[in-house]
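Letters A, B, C, D and E mark the chains in the order given here, with residues in each chain numbered from 1 onward.
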Amino acid sequence: MPIQYYIALAACLFCIGVTGVLTRRNAIIIFMCIELMLNAVNLLLVAFSKMNISAGLNKAVVAGAGTDAQLFVFFIMVVAAAEVSVGLAIIVMMYRNIHSVDINFLNRLKN
Amino acid sequence: MIALLLILIPLISGLITFFTKSERDAKSLSLFASILTLAVSFAGVYSLFGAAQNAYDTTWLSFIGARFSIGLDGMSKMLCLLTGIAFPIVFGAVYGNTYKKSNSFYALMLLMQAGLMGVFLATDCLLFYFFWEIVLIPAYFLCSIWGGEKRITVTFKFFVYTFVGSLLMLVGILYMYFKNPEHSFALQSFYHIRLSATDENFVFCLFFIAFAIKMPVFPFHTWQPDTYEQAPTAVTMILSGVMVKMGLFGVIRWVLPVMPNATAHFSQLIIILSVIGMLYASLIAIRQDDLKRLIAYSSIAHIGLMCAAIFSNQQIGMQGVMIQMFNHGINVIGLWIVADAIETQLGTRKFSELGGLAQKAPALAILLVVMALANIALPLTNAFVGEFMMFNGLFRYNIWVAVIGGISIILAAVYTLNMIQKTFYGNTSIVTDGAMEISTGTKIMLVILVVVVIILGVYPEPMLQLTNDAVQTALATVK
Amino acid sequence: MDWALIIEKLVLIAIIITASLVIAMYATYGERKVAAWMQDRRGPNRAGPFGILQPLADGMKLFFKEEIIPTSSSKFLFILGPSLAMLTAMMTCAVVPWGGHLELFDRKINLQIADVNVAILFVFAVVSLGVYGIMIGGWASNNKFSLMAAMRGASQVISYELPMGLALIALLMITGSLSLREMVDKQITGHWNILYQPLGFLIFFVCAMAECNRAPFDLPEAENELNMGYHQEYSSMKLGFYLFAEYINMFISSAIMATLFFGGYDVPFLNESTLSPNVAGIIGIVAFLGKIFIFIFVFMWIRWTLPRFRYDQLMNLGWKGLIPLALVNMVITGAVVLWLNN
Amino acid sequence: MNALILSAVFGMIMMFCSFLVRNRGSLRHIASVGLLILLIANIADSYTHTLFIINTYGMLAFSRFGYLFNSIAIGSTLIYVLITGKEIEKYGRYTAEYFTLIFFVLCGISMLSSYNNLLTLFLGIEIMSIPLYILTGSDKRNMKSNEAALKYFLMGSFSTGLMLMGIALTYGGTGTFSLEVTRGGVMPVYLNVASFLEIFGLLFLMVSMAFKVSAAPFHFWTPDVYDGAPSVFTSFMSTIVKAAGFIALIKLFDVRMQATEKAIDWNLLMSIIIVATLLVGNVTAVFQQSVKRMLAYSSIAQAGFMLFSLMSLNDTAHEGIIFYAAAYSIATIGIFAVLVKMKDYTFEGYNGLAKTQPVLAATNTIFLLSLAGIPLTAGFFAKYLMLAALIKTGTYLWLVVVGVLFAAVSVYYYFRVIQAMYFKEGNPETEIITHSFKWGLIFIAAIVILLGIFPTSILNWLYF
Amino acid sequence: MSIPHILLDAQATGTTYDYLPIAIQLIFAAGFVATMMFLTHFFGPKRKTTDKLATFASGISTHGDARQPMAIKYFLVAILFVLFDVEVIFFYPYAVNFRGLGWTGFTEILLFLAFFLVGFIYIIKRGALKWED
């Protein structure tokens, strides 16, 4: 498939994620939207990687061109996992204190 | 070494004073230190230990080319002498007053002296900026802690004004620095910088705003009367007697020779502003009912004249400015001492509540009259020489400017004599009924000042010779 | 891409799914018979000869039962839960090689629905989804028992996924491939992996049992603690799906174990290349099914022999027992393989 | 390399100390010793005594610049732990874990100071940020702390998402993650949108980094987070961590942004951001009632100044950012050290502090003067270098003037604290102040003044 | 042979095409499930009463909402799973290329394992996996 399709799909997913983060009020949903953003990036990276490999960049010019993006995806997954664990912990902690995961509730806490 | 001592003595003694326990210790230590500084500054003025001792230079910030270089030339000799004289006199005059946390008070005063000395001595621009800012901090604390009712806001206003100015100056300094092929902050290398016309005008504005705020020149003066009124009198003496000279000094040392074309470009505007300031301040002074505010406005008027004379670009005017810087310092300190004596004794500064003091305190009255006459520059007083020369310069620049500026002399006579009349003559009021003669210490200080006033009024020649070289440098490039 | 291939795959999918459903159905029958045999009783024997139609009757009954969705439940999730459980159960079989290949209608038919090169990862991915079925069902029911059971079930399943994955890594080190087909091919030419990885198999086996929620790891549905657990509120075919999914899972995990460790469709001591392809293929399928049935029997045997674990025992076994064991297994395997290679 | 590895190792050691060491007081000492060793090891590293020689395949590039920043970060952390370490013990029983997290943050910082690949940039940022989310929420029962943690987390991960998108797009454009792109053959010519992708990606990267360093208009999380987090951790977050963000950003600008200057005017963009940051930070800080919140806004304002270095990108800018980091960090740590001892965080709470606690008031004054940029304190040279860097480029002079005007505004709110301490009557309540604490403050003040007179003492390290 | 090249070779085979049957099966299975759900909805008797539609809970009367905060242990397990699972995933590419990487790779993976174990020992010692309370 042409790379443009992947870019378009990733861009759509990413935009959905960003929109979700900016408009939703439920902390968990925001969180999921962020994960969506990360996965859009993963998709894009893999697509680019494939593109670079098929362009024959790999062996001719830079050793590892193309594969490094796939390695990057692994790192993104790891970091996402770390973020998930910390984020869930924070959300649970908050839920136990105020019995809500609505971030608007937090604004009412000011002062 | 002499130059270094001028900074180090007040600095170290100031730091020591912080840790003194009793008020007496603080007072005597600071008095001793200031007298020592005075002695050293005399040594500097007369180059007692050889001219080589008058400069000190060592590496400081090698990576940007700033050096710790200080030195005494004619103008700085004169101003250091003024600083040296002012502090012992102030300390002497307020010897009878008690200040809460007096150790901090005297310590900050000494630190301020160190900063002032540094400003007048620095021959490296960054170092100059350093001292310029450092003077501000003790002044800020002194005014804010020991000042009058509205001290906090007023002092803060003063601080912000000067701080904005000095930051702009910093930008200017940096700009000059990067235009300087030698990459140095040294005064001499600054003299060699030649900027394009727009650059020069831009930098001139940055520098001049800083100095104008400090002097203060007409639209930048609004901090001054409030601050003089609210500050403790001892500090006001230094502020008006010495600190305002920083602005004039800065213009003569760092602006005129460095940016001659921009100076020529802006001089008309500045002279007009100064003359407006003179008239404006004098008119307001006439309407004042408060002794301190009156002196403050009169000070603005005098500074305005000096500023105008500087930019008139005449040798005689410049010489007048030099001598007048010293004289104004002496005179205004004298006036403040009187004001302080009245205020501490009677608890008021309002003319409307005073009157008839001449009967109660004749010595004070006589001394005040001499100082006041010096303030309006009567012949035989020191100020006469300076003002005469300055007006001479203005005449040569433009006759109308001189004429309009001359009106302020008449106005000065009006408000000064009015002040004398309201305070010392007429009938005693309820407030002044219990008034007594001033203390011996204050009297001695005033007498010393009066002696200086008259000597310089009769024989100003040494002072003129002292500052001749500075006048030449300042005017050498401006043509 | 040709239509013939799609038709071929469709047929294969239909056959395999039907087969697994039938096997799952009869696994319930088998289960009851085995249990009866072990407890010295008769088991189902009314419907049909030897009660052989019993599973069919059970299925029909579930199908025609009244569907009840409690008012306090979340309706959408309530339906989604069992659907998801069933769906994941049916998806796992996609990558299992059921046999070699057949040659029919001039086509070489591969007896594997999809020969992807990351088959094991696919299996893992789909199995991980299974936990959603439990979790969603328990949550949607809005019943404390169900929710409790779902939580327990979820944490059990995810806990045992770790040692399972680790055990597989040791195996991967030997085979060097993630494709199930390749693994079987290697075992056909060489030895069964069980010879190299006995410990790995043991760990995998225990984890597989836990993943399927089979006793002694059947905590999510522990009858006498939690009243049937996460599917307490379910009735009719939705309950049926949950029950079915469990048996299908058992079937598939047996198939995976057979593939990974016991040579898949390989018949030991038989050289398939001497036979005609179709015969070899059919023998392979039969052998594979035989292995699977043995595993299913072992599953049942264990269920009716061992008592249920306590929750803390279960978690301790998983985290503190199996994970370190799997790690040690992995390191030793790696070291030995490298040492032998050089 | 030493700092990177040892900080992770010490982090793990602290982790195990949580159950090996019973006495919680000694944890602080262990951490201090660890930091000291780390500092020494890092300095040794800069004299090429590397303990670990590892092929990083060009992912990391160690430079004097990086080592110097590491030293500053580690040194500031050491000072921080020494002076406010005791406060850390107040939040729950996880003292050792907090130190662990601090070590991990340092690990991330030392990665950021030496990254040479967008992968290591990303990892560094994350290693640095994730522990901070936890530290922010460490006051578990406090709603404000919860709120801050959640906000920080969501914003942080959001900006991570943006950053990753940026990295992915630049990768699409250039075909490499390496910081230095060897242009020419690498560019996939068949994709005519390559340079477009790269520019777009760099924009994303810049936005996400702006989030991290709280530059306007991406600053909005900062006040709430800094205010809500336990003060003792705010101190760490707003100083060392923030500075590390700038170090990362300047490296990015040095290479990637400069290379694409022809395609997009980064300077114009930066100047807008700088003005916005200065405006928001300074003006809002003026209206704050709480000193802690004021400091949060002031940190935005200071960020505005640090951004100057990104516009100029010359030697002075690099010296400047390092020096600014040191000056700002040390002074702010000092201010927070005093703040955590106060019972009332409002300006009124400071009224009359000079009478009851003269040492605290005096040292605090020095720190505030430093932040305001008064000569004789480190803050002056920090600002000086920033302004100098921009003036040196000879363009955007109006920005310099804007900068100094805002610096003057900043005096207003810094001096409010001084006014409260010295010129107002009041009886401020403080926690018990020990002598060692006072000496610690005096020590920091001495550093601030020393750096203010001899800034060369730090900067010479770059060139010896 | 460097790591990137091994990865390159590994992915030389395998295309999107291979996954087509899986998609078919997904459609098939989903269709099956949907159909069954739909049919069972129509075939069963429908005699709903309030009692019947109430939460069953084995006949015990229910109190309030069931969805209340659970023991933190479950969240902890979930979080730990996420972390360790990702670490396990890291072993997979290694295991596949393990022969090519040789002893160097093995020592490196041992280092990684050491980090894994540090975390593991830490959570055990800290009592995150203590169930007997």
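In the analysis below, a residue touches a chain if its C-beta (ideal position, glycine included) is under 8 Å from a C-beta of that chain, and two chains touch if they have at least 3 such contacts.
As the structure is a prediction and not an experimental result, all values here were calculated from the model.
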Components of the interchain contact network lacking chain D: A, C, E | B
item	value
Co-neighbours of chain D and chain A - touch as defined	E
Identity of the chain that, by mean CA position, is farthest from chain C	B
Chain whose averaged C-alpha position falls nearest the assembly-wide average	D
Pair exhibiting more inter-chain C-beta contacts, D-E or A-E	A-E
Most distant chain from chain E, judged by the mean position of its C-alpha atoms	B
Distance from the mean Cα position of chain B to that of chain A, given in whole angstrom	66
Where chain A and chain C are represented by their mean Cα positions, the distance between them in whole Å	32
Distance between chain centroids, defined by C-alpha means - chain B, chain D (Å)	43
Length of the line joining the C-alpha centres of chain B and chain C, rounded to whole Å	95
Set of chain A residues in contact with two or more other chains	66, 68, 71, 82, 89
Listing of all chain pairs that touch each other, if any do	A-D, A-E, B-D, C-E, D-E
Of all residues in chain A, those that touch chain E in their complex	1, 53, 58-59, 63-64, 66-68, 70-71, 74, 77-78, 81-82, 84-85, 88-89, 92, 95-96
Residue numbers on chain A that touch chain D, as the complex places them	3, 7, 10, 14, 17-18, 21, 27, 30-31, 34, 37-38, 40-41, 44-45, 48, 51-52, 55, 57, 60-62, 65-66, 68-69, 71-72, 75-76, 79, 82-83, 86-87, 89-91, 93-94, 97-98, 103, 106, 109-110
Interface residues, chain E side, partner chain C - complex	10, 13-14, 17-22, 24-26, 28-30, 32-34, 36-37, 39-41, 43-48, 52-58, 62, 65-67, 70, 73-74, 77-78, 81, 84-85, 88-89, 91-92, 95-99, 102-103, 106, 109-110, 113, 116-117, 120, 124, 129, 131-132
Chain A-touching residues of chain D, taken from the complex the two chains share	119, 122-123, 126, 130, 133-134, 137, 140-141, 143-144, 146-147, 149-151, 153-154, 157-158, 160-162, 164-165, 167-169, 171-172, 175-177, 185-186, 188, 190-191, 224
Interfacial residue positions of chain E with respect to chain D in the complex	118, 121-122, 125-126
